[in-house]
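Chain nomenclature is as follows: A, B, C and D, assigned in order of appearance, with residue numbering initiated at 1 for each chain independently.
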Amino acid sequence: MCRWLVYSGSPILLDTMIYRPPHSLIEQSMHARLGVETTNGDGFGVGWYAGSKTEPALFRGLGPAWSNRNLRELSGHIVSPLFFAHVRASTGTAVQETNCHPFRHGNWLWMHNGVIEEFARLRRALAVEVAPALFADIEGSTDSELMFFLALTFGLTDDPPSAVARMVGLVEQIGREHGVPAPVQMTVATSDGTRMWIFRYSSEHRSRTLFYSTEISTLRKMYPEIEPFRRASPETKLVVSEPLGDLAGAWNEVPESSYGVIQPGEDEIHPFQPQPPGSGSS
Amino acid sequence: MCRWLVYSGSPILLDTMIYRPPHSLIEQSMHARLGVETTNGDGFGVGWYAGSKTEPALFRGLGPAWSNRNLRELSGHIVSPLFFAHVRASTGTAVQETNCHPFRHGNWLWMHNGVIEEFARLRRALAVEVAPALFADIEGSTDSELMFFLALTFGLTDDPPSAVARMVGLVEQIGREHGVPAPVQMTVATSDGTRMWIFRYSSEHRSRTLFYSTEISTLRKMYPEIEPFRRASPETKLVVSEPLGDLAGAWNEVPESSYGVIQPGEDEIHPFQPQPPGSGSS
Amino acid sequence: MCRWLVYSGSPILLDTMIYRPPHSLIEQSMHARLGVETTNGDGFGVGWYAGSKTEPALFRGLGPAWSNRNLRELSGHIVSPLFFAHVRASTGTAVQETNCHPFRHGNWLWMHNGVIEEFARLRRALAVEVAPALFADIEGSTDSELMFFLALTFGLTDDPPSAVARMVGLVEQIGREHGVPAPVQMTVATSDGTRMWIFRYSSEHRSRTLFYSTEISTLRKMYPEIEPFRRASPETKLVVSEPLGDLAGAWNEVPESSYGVIQPGEDEIHPFQPQPPGSGSS
Amino acid sequence: MCRWLVYSGSPILLDTMIYRPPHSLIEQSMHARLGVETTNGDGFGVGWYAGSKTEPALFRGLGPAWSNRNLRELSGHIVSPLFFAHVRASTGTAVQETNCHPFRHGNWLWMHNGVIEEFARLRRALAVEVAPALFADIEGSTDSELMFFLALTFGLTDDPPSAVARMVGLVEQIGREHGVPAPVQMTVATSDGTRMWIFRYSSEHRSRTLFYSTEISTLRKMYPEIEPFRRASPETKLVVSEPLGDLAGAWNEVPESSYGVIQPGEDEIHPFQPQPPGSGSS
């Protein structure tokens, strides 16, 4: 189990969201409140979009985020309008940078909190479903990276909700074939640098928590005394595994079995349902 | 704040004591029960005496002990009659191997749980008291290593209780000179490979916890069904920052402001009191 | 390109063979003499058999062997009658412990110097040939580990020469199907803890160097003044990527396209020829 | 022995200077041409000034620069008008981030190639000369960092040439007192974010190499076909331990026993001579 955060809005220093809030992601790496695993010290990563480059940058590291000086340095100097941050608690696979989130392919980022149950038994059957042209780019050994490559295989870059639905459909189908009744547990974030998609789903419909921040315009009215709300652009949006701080009204739970689209203009939230992997992408 | 363990007895595999007990040191690295800092993921170390060599071996690493595969490998293959194990929670200094315990000098090992209060302010005044011939061997930046080198300066290899008493006396004296009323908080273990000395002390007499194991002969009578007690030599002794498991009668608290000697024959426990650093070693 | 060493003989401290000889493996990690890549600083590993355990121990690390203090410590304290040591120069895959040699499966060790040409293009076709029951144990992303798992699939634990011949046959067949005319370049060592097999082969018959040590009894007569030769057991044997030191007569090149068996009693050397992967194991 | 590079000029991506030139610093980390130690794989670091912050950012790492993916990522995304880059070959002290260059204090950066001879013997006498208020900020164990703190003690932030001259004077004086006739070997770069000072000196006047780049306006005339010269600002300046590439006329050796000032307007080069440490700063 892991914790993650995505930010979209006015360009800000990464540490504004990663280190400074009460009950920040860094604090969650040491003492999370929600969920089973409360220590998330098995590696970390940040991925950010910036400048004229469409490909995001990655910084990933072994060991705990809380004591990593390079992460602190970089977070205090890097400005981005759209970034991912993740602290990892391994569910068994090795602690190595190639197993740290976010994962990247072209201009896409992906990160995950959750698990494919009995992944060791399902791994080969899942791996052979990855498109041959993508297979060589798998670098680590996690369920999370394999879910990303399966979603890419199913057309993530064209239609993320459909690709993720078919990926989940495949994992559930292969799980059933191997006698694993509830194989998927996930919250996922993915982005192409312009829009961001978030997913909350598990086979048994008891998914890990996921929260999105209230509209800045609303927060300004509720808390006129809080200065960052005055400065933030109206489009500013955070999605987190567990709330930062304790501000009443600031956080809304993403409903069970649903996905959201964070984008310029109106955000969206829709029901999420696995699809048969063989189905079309429309 | 850290957690540590020392073992003395029949030669055993390190993992017997580090990994296998309930509430083992490895579990304590992730979720300790006693004390303020309950996550000890800022490096670790083991030091062990073995074979005909008088100089102990060290294996120290960055990151958490709980996910370190090399530690698991080595613990499952190395046999020793006397070893130290330590999991670290940094109180501010860098996470690097030279800041990990145990520290070694010649055939001596040293490890510490605690802190010198306001160490940054006191560091220079303490460092200049280290014997010139020893100074160049200081590799890290911790208060713990400096305490070791001060104790060596005061004759640790000849008379450990006196040397540690004078080291503490010096820290308290320099602390007072700098307006730090209660500068020392410590439990310490040190050994020359034959005997082992343990210390529990703090300037304000509210020292961190320290426990030693009950005589094996007593435990055998209390728990005739527990097989490891039947196999262990009568000399077997463990000293730990916090108890392993919940076995009633197995653990005894080292009293506040005292030190113990674990040795062939009768162990000893005595009151501990800082001495003026300029005093003789008798 | 990498460098490796295997030792079989009287139990000795690892550092006797890894650090102390002139032009040792550690020196080769910084400045090798033979081959294209002369810096081997992308991780290292040792695997050793010891005591009553049949499963060997592994110690693998990131970064260069030459500056690794833990390797120096362990090599100076661990005694073994049969061990592998490897220094790595990555041919493209990530520097992470799971990509460091030796690899282990049950009581088997495996290490490799060489490359599968255009591995990225061949990787998927090779991976799907790994036996499903073994697939989940693949942890890294190297060609070397995949060669090991293919050899295991083809019966390495029953008949190593045949299994390696079929593994090479498969790689060459899949290489041809993908337009890679000379896909295999390898020297390999593998052991079950009792015997050791070494292989030198490349598709174009210009294989990387491999040397084995002359019989101790012969060396004693040639160099009666060299003390280690007097102490070593008659069975002592070293196999190395490039010679340690410059002692005339001490090293013999393993012939192109051949394999050897180091075992109690008479060692053997035979021609090596790839076999069709579908062939039986006799 | 190490290799380093400083860049001052139009804001550019770090990788433009660190990775892309022929015989780049990254290539030098694996195979340097000049000097004794040709492998520089014991850690690395970059420090850069950017944006409105006066304090530079640091990214330092263990292991070789050539295989570090985070360095490659960051170099491809970070833009700066003034940055330091360093690859380290340890002369004995531990490989740890706090021993990696550049070192930072406030808005100052410092890096060094060279050595204090017999540093272990001189270390304590030098350390006690560091100003008490600065002492606690020493984090590592290198001669290089101690030279920085001595220069800070002697007024680096007010008058860098004088402070460095007095630091060198002190090391030579203490060296003589300990029977070390030629204790200093150094090339040094230091900056406050606006100007940059470079030093080349050794007690025996056989200093390690140091080169600065020819004026861009001259290079444009010499090489009208080279596009980067057309784009670079006239102020662009590189100083390097050894030349990048083989472009005739592009590199000028900094003379033995001299220092330079790289600044807006005219650069300067002056003779360098150690001063008695007790002398004033004028």
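Convention: contacts are C-beta pairs under 8 Å (C-beta built on N, C-alpha and C of every residue); 3 or more make two chains touch, one makes a residue touch a chain.
Note that the coordinates shown come from a computational prediction; the quantities given were computed from them, not determined experimentally.
K.L.:
Touching chain A and chain B alike: which chains?
P.N.:
C, D
K.L.:
Rounded to the nearest 5 degrees, what angle rotates chain B onto chain D on CA?
P.N.:
Fitting chain B to chain D on C-alpha positions yields an angle of 180 degrees.
K.L.:
So chain C and chain D: same face meeting same face, with over half the numbers shared, or different?
P.N.:
Chain C and chain D contact each other through largely matching residue numbers.
K.L.:
Could you tell me the distance, in whole angstrom, between the mean C-alpha positions of chain B and chain C?
P.N.:
40
K.L.:
Send over the residues of chain A in touch with two or more other chains.
P.N.:
Those would be 69, 94, 97.
K.L.:
Which residues of chain B touch chain A in their complex?
P.N.:
30-31, 38-39, 41-42, 62-64, 66-67, 69, 90, 94-95
K.L.:
Applying the document's contact rule, which stretches of chain A touch chain C when the two form their complex?
P.N.:
Within the complex, chain A contacts chain C at residues 93-94, 96-98, 119-121, 123-125, 127-128, 130, 132, 135-136, 138-141.
K.L.:
Spell out the part of chain C that touches chain B in their complex, as residue ranges.
P.N.:
Interface residues on the chain C side: 50-51, 53, 57-61, 69-70, 73-74, 76-79, 97.
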